[in-house]
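Structure record follows, encoded as structure tokens.
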Amino acid sequence: MKATGTVKKILANYEGETPGVKGKLCQMLMHGKLGGTGKMIILPVDQGFEHGPARSFSVNPDAYDPHYHYKLAIDAGLSAYAAPLGPLEAGADTFAGQIPTILKVNSANSLMSDTAGKNQAVTASVDDALRLGCAAIGFTIYPGSDMALDMFEEIVEMRKEAAAKGVATVIWSYPRGEAVTKEGETAVDVGAYAAHMAALLGAHVIKIKLSTDHVMQPEAQKAFEAGKIDISTQTARVAECVRSSFNGRRIIVFSGGASKGTDAVYDDARAIRDGGGNGSIIGRNSFQRSREDAMEMLGKLIEIYKGKA
Amino acid sequence: MKATGTVKKILANYEGETPGVKGKLCQMLMHGKLGGTGKMIILPVDQGFEHGPARSFSVNPDAYDPHYHYKLAIDAGLSAYAAPLGPLEAGADTFAGQIPTILKVNSANSLMSDTAGKNQAVTASVDDALRLGCAAIGFTIYPGSDMALDMFEEIVEMRKEAAAKGVATVIWSYPRGEAVTKEGETAVDVGAYAAHMAALLGAHVIKIKLSTDHVMQPEAQKAFEAGKIDISTQTARVAECVRSSFNGRRIIVFSGGASKGTDAVYDDARAIRDGGGNGSIIGRNSFQRSREDAMEMLGKLIEIYKGKA
Amino acid sequence: MKATGTVKKILANYEGETPGVKGKLCQMLMHGKLGGTGKMIILPVDQGFEHGPARSFSVNPDAYDPHYHYKLAIDAGLSAYAAPLGPLEAGADTFAGQIPTILKVNSANSLMSDTAGKNQAVTASVDDALRLGCAAIGFTIYPGSDMALDMFEEIVEMRKEAAAKGVATVIWSYPRGEAVTKEGETAVDVGAYAAHMAALLGAHVIKIKLSTDHVMQPEAQKAFEAGKIDISTQTARVAECVRSSFNGRRIIVFSGGASKGTDAVYDDARAIRDGGGNGSIIGRNSFQRSREDAMEMLGKLIEIYKGKA
Amino acid sequence: MKATGTVKKILANYEGETPGVKGKLCQMLMHGKLGGTGKMIILPVDQGFEHGPARSFSVNPDAYDPHYHYKLAIDAGLSAYAAPLGPLEAGADTFAGQIPTILKVNSANSLMSDTAGKNQAVTASVDDALRLGCAAIGFTIYPGSDMALDMFEEIVEMRKEAAAKGVATVIWSYPRGEAVTKEGETAVDVGAYAAHMAALLGAHVIKIKLSTDHVMQPEAQKAFEAGKIDISTQTARVAECVRSSFNGRRIIVFSGGASKGTDAVYDDARAIRDGGGNGSIIGRNSFQRSREDAMEMLGKLIEIYKGKA
Amino acid sequence: MKATGTVKKILANYEGETPGVKGKLCQMLMHGKLGGTGKMIILPVDQGFEHGPARSFSVNPDAYDPHYHYKLAIDAGLSAYAAPLGPLEAGADTFAGQIPTILKVNSANSLMSDTAGKNQAVTASVDDALRLGCAAIGFTIYPGSDMALDMFEEIVEMRKEAAAKGVATVIWSYPRGEAVTKEGETAVDVGAYAAHMAALLGAHVIKIKLSTDHVMQPEAQKAFEAGKIDISTQTARVAECVRSSFNGRRIIVFSGGASKGTDAVYDDARAIRDGGGNGSIIGRNSFQRSREDAMEMLGKLIEIYKGKA
């Protein structure tokens, strides 16, 4: 598909990157109902790994079936679908070539003791991504965890291999662990820092959580004040995270967190849009609703990102 | 052998998988007295590694001989025989080609201190499986153990190699370790989670234990209630585990646990059958009986899975 | 893009293939103005290598510029653009992700003596295709050449690597060399044989020339008569080549040969369509016309393949 | 399936071979209507490569479709189906696991000049055989060709790799080339020599042509006379070829050659049976008949090999 | 050094190339007295390999010393210095970092029989180029030679490795061999074809000879006439070669051939400049003069390329 000017401008930021990676980013940016707008909505379904199937799917039992998610993402006109190896394979024939896919190559689970550390297992490879025709690999890092340095070293190696083979890299950057307070996990200074670290590690697409106006690090508080950086609104905080992503030179999407009311989801999206973010990665808030409700909500989100709602 | 419609339907779920893996699954599903029904009974004999020979075999001393198990599985018309490297080799010439075999590629033992962690050693390779003509490799993971992430990374690599070379993967998913209470090891939320993780990791056949109606994670309890998921009967709990195995898109078999009365074994099988499970993997309950009793019990189980008992 | 039923039916013929390859075939079949119809028009520009720049481009000097061809393929709504390494790289940033590309990985040239044999040099790799984000590699074989066995061995290795990494393979099968007469190069028996060999070697897309009603091999003449195979019309001959491509289980496209009048080009396309072929691969007949004329001709061809002209 | 005594006795001849290879031989010997008898009928379809599609399939156009052959082999209850990469893949999903397959890993074609030598291209690999779940690889050698030494070196390497990975090797041993007269190609001394060379190279299954009572080498004539070796009947000549296959320690099957009347085919089979051969590999004589006729003929052949006709 | 707009425009043509390669091209284009103009003069000293030391250096014995050439290139303000491994190493410490160097990685010599073919030996590696800090590797191909396909395959592999490691590739494309007449070696159609092949193979910088108005291939003659391509002047012929280098998207430099009078050298340079070429690669015409004369001549050439003479 002929790329729009908006998309070409985004791609031009990926200087020196392989044409294969740029082509994959173009594929995601031109796909679905937001194709060409520079905005994206991604459906991620890795909660089954992290929270178990009951907590993830029992509220909407159709969602136990991996085909459900492929269909939801395709029918809603989303930009991409992200999942671990197993579920991607479970629809690999039926949906081959119909939506860009992101192979989540590391995975956490909630059957772990605290002493096991905040870490994830590498559960798929770049070769798997190639075999399955994925547009990107997805990798979670936990800035703040004592395991973070190991995770950084893992993703740096995988990204190098992926980029050489024309596969893009999405980094889920989720502050967590020994060096981060519970409130700090969504503090704006920490969130912007998390986005920045992902960019520094070479992410092509950055995924972080929306943040609160809490500031965890006192030095950051002082810096915000010195620089007169506004963090009072969600829009302003999104803007700070976008700035921290190389001043907007990297695509950044925001996760919606636990399921909540649609109005809150819409407000989040407007803040992401107005703050200069590139879109939403929205899992539980879509598949923990009935398909009918999810389709309606995703349709509305698309309107919001198009500036029509 | 010409595959039945039931078997073809099961194989169609393994989208994007190599024809070699599908052929091996077909071989197991078409073999023995349950051939073509979509149900399986597998004889696993790795208890010698885990519990030592005395606890495993002295109650039925013929079972010290590896040939005993090959013969039992063949004569009873079972679907496959699973064992570590040594016993498979011990009958490799005599029984070559007569029953699908599953090479157990990692192994636990009970001569370990607690501080050694809940882990297993990798004791065989995919190349061994090829050399021995095995239909599958078998690998145990311990969700809940602090070693779980390492085990995940091991099986993901072995499965990738095995699948490329046309060998299927069976994952024994046994919750155990620091993050799981004793009662939680057989809790229904944990069991379904264990099945789900095996599926996420790419298992072609999932093996878990039957579960109790205990729910270990409070959040899961809430989820079951919210989704009105019935867990009151063994059949209902099997159904939840089947759902958690990609809504039945992956073969799932259940282990019988420690030896017990035949009536209990039959009841288990009926619950597995009625809950939509694919069959039993039944070790101690078969070889810790006399051959005569075991043959009779296995014959009855086959009748149950055929819906005739 | 949601694949049409027609495209899904074609993809289902690629049994046992990696999802990556199926996705790439889907991408080409869903792209451009023929997207979803099961028909394709591919623009190949490797004549500069084979005939030199003057003979290829001087009649339409704009075509000396590699960007010209990218633009022509995109603006005309073609299915894919095929070229050697150099020209693909020359537009790799500007056109990244905008049209499926086929990297021609071997190349002939006309500055070779007869004793050098009928052969091509391998001038690019699967890794190049990945780096450049190509949908497929393209490889020429010369059935009838004394170098043919070597060429077969080369493509078999490259195809294996490509398929494992999710890249499709297009084989240009052009009879030529010591065992083929000049008239035989386009004989119908030889053309169908060339298509069949490409299929046997594992081609996902087969490219051959349209054939005449000449039959080179006397035994083939007898066989056509014995089987009452009609070869009297171009449509009938296309049908025989489609049958020889695993009875239509492989995509087959036909080349138009040297530049000629548009009416002849349209007649060829109608014969390809009516004989069950999947489309045209049309180089000199498009870029050796002015852009305006080429756009008009390609538009008409698209109408023909849609059954509207 | 429980191997019969006859089959176990055959397997015992493969001393020191990997259990994987023995299992694959057992699989072929226990499969289909001749399962357990020690006799085999194999359907080979590589004539499309060697003679082109018209000469191979136009007499029975249904045979252009690769599925036709899979179905014929399965429905007739044959022991195995042999074909090159392309056609095996074309039915890899539909027929996975339903009949043992033999991947023909080298291929000849008739679009070659005489000066190109009598040779074949290696067109598939052991890795392909594993991925496709094949029971064996098939390789043609041309004793008598100036390329024979190269072919021997190729198969020795491939066989070594295949056996280590549990895949059996079938050698098509067809005298041809500079050192063999036209009449000598089917001379009994040459045929027995060809069988012996295949055995010497490590073939698990040997495929040769039936021979005439012509003796090409004068020294062989003298030797037959000195040893009072009877070569006057087809049965006697089969017996000489069986003796030359390590005195019957290697499975040997005979090809029927060009299509001919069914009575001649039946006579051949009786001679093979009575001379101690293991069966037929029968291509053109099966698929160049209508399916109905082929099914009838194959049914009769099975009766003959069972000693009932 | 800040790149000029002219240089940035040239670099932008290297789409999808690694930043390392672009940086090396920038380094050459910004170095010396022509830095920033988009023009280059390169000093190549590989004649010692090809013609022996006596024919190369005895006319100016100072030139036996490798330091002589380094100094000449540096002192004259040239853009780069190209030589085989030995001479580059001989000044590697003294001149490290002072001028961009091009490691000639294959080499011909004149102590070869005709039957040895028109070929060169690979005499250095990409690793050598990295170790020596070279800006580029240089490789000669002989279009028209029966060895050309082998040479193409060599350079394609080396270029892939070099580009991945941030080293540029200069291809010397010299028509020679069985398919080219003596007069054809410098024919304009053949020269443009040679430039085009270098571009197709992925050259970053193309080096060819200036051509005569002879046209070797009759079809090319027709094409020039049909396209009204002027080849009557040296400037027009340079323009045709520039067009054949992807319409000027690749840097192309011209060699001066055997030593000759300075006026002829200046005329050549003006034709290169006016035809749109990027400069000269001038060996024998510089070092086979006294240093004084060479310095003067090179100074004049720089003036010509600056448009001042």
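In order of appearance the chains are A, B, C, D and E, and numbering begins at 1 in each one.
Criterion: contacts are C-beta pairs under 8 Å (C-beta built on N, C-alpha and C of every residue); 3 or more make two chains touch, one makes a residue touch a chain.
Chain by chain, the UniProt names read as follows: A, B, C, D, E = fructose-bisphosphate aldolase.
All of these numbers come straight from a predicted model, not from anything done at the bench.
Student: Identify the chains adjacent to both subunit C and subunit D in the sense defined at the top.
Tutor: Correct list: B.
Student: Return the chains shared as contacts by subunit B and subunit D, ordered by label.
Tutor: The shared contacts of subunit B and subunit D, listed by label, come to C.
Student: Copies subunit A, subunit C: same or different interface, half of numbers shared as the threshold?
Tutor: Because over half of the interface numbers appear in both copies, subunit C and subunit A meet with the same residues.
Student: Determine how many degrees of rotation, between 0 and 180 and to the nearest 5, align the Cα atoms of subunit A with the equivalent atoms in subunit B.
Tutor: 70
Student: With centres defined as the mean C-alpha position, give me the subunit A-subunit E separation in Å.
Tutor: Roughly 49 Å, centre to centre.
Student: Quick one: report the Å distance separating subunit C from subunit E, using the average Cα coordinate of each chain.
Tutor: The answer is 36 Å.
Student: In whole angstrom, what separates the CA-based centres of subunit B and subunit E?
Tutor: Here subunit B and subunit E have centroids separated by 67 Å.
Student: If I count partner chains per residue in subunit B, which residues reach a count of at least 2?
Tutor: 15-16, 18-19, 22, 164 - these are the residues of subunit B that touch more than one other chain.
Student: What topology does the chain contact graph adopt: line, ring, star, complete, or other?
Tutor: Other.
Student: According to the definition already given, which pairs of chains are in contact?
Tutor: Pairs of chains that touch one another: A-B, A-C, A-E, B-C, B-D, C-D, C-E.
Student: Which subunit C residues qualify as touching subunit E in the complex?
Tutor: Answer in residue numbers: 48-49, 51-55, 57-61, 64-66, 84-87, 89-94, 96, 107, 109-113, 115-116, 119-125, 127-128, 131-132.
Student: Going by the contact rule at the top, pick out the subunit C residues touching subunit A in the complex.
Tutor: 1-3, 11, 18-27, 30-31, 74, 89, 92-93, 96-98, 127, 130-134, 164-166
Student: Touching residues of subunit C toward subunit D in the complex: what are they?
Tutor: Those in contact with subunit D are residues 13-17, 143-144, 146, 148-150, 152-153, 156, 160, 175, 177-180, 189-190, 192-193, 195-197, 199-203, 217, 219-220, 223-224, 226-227, 229, 240, 243-244, 246-247, 249-250.
Student: Residue numbers of subunit C touching subunit B in their complex, please.
Tutor: Contact set of subunit C toward subunit B: 15-16, 18-19, 22, 164.
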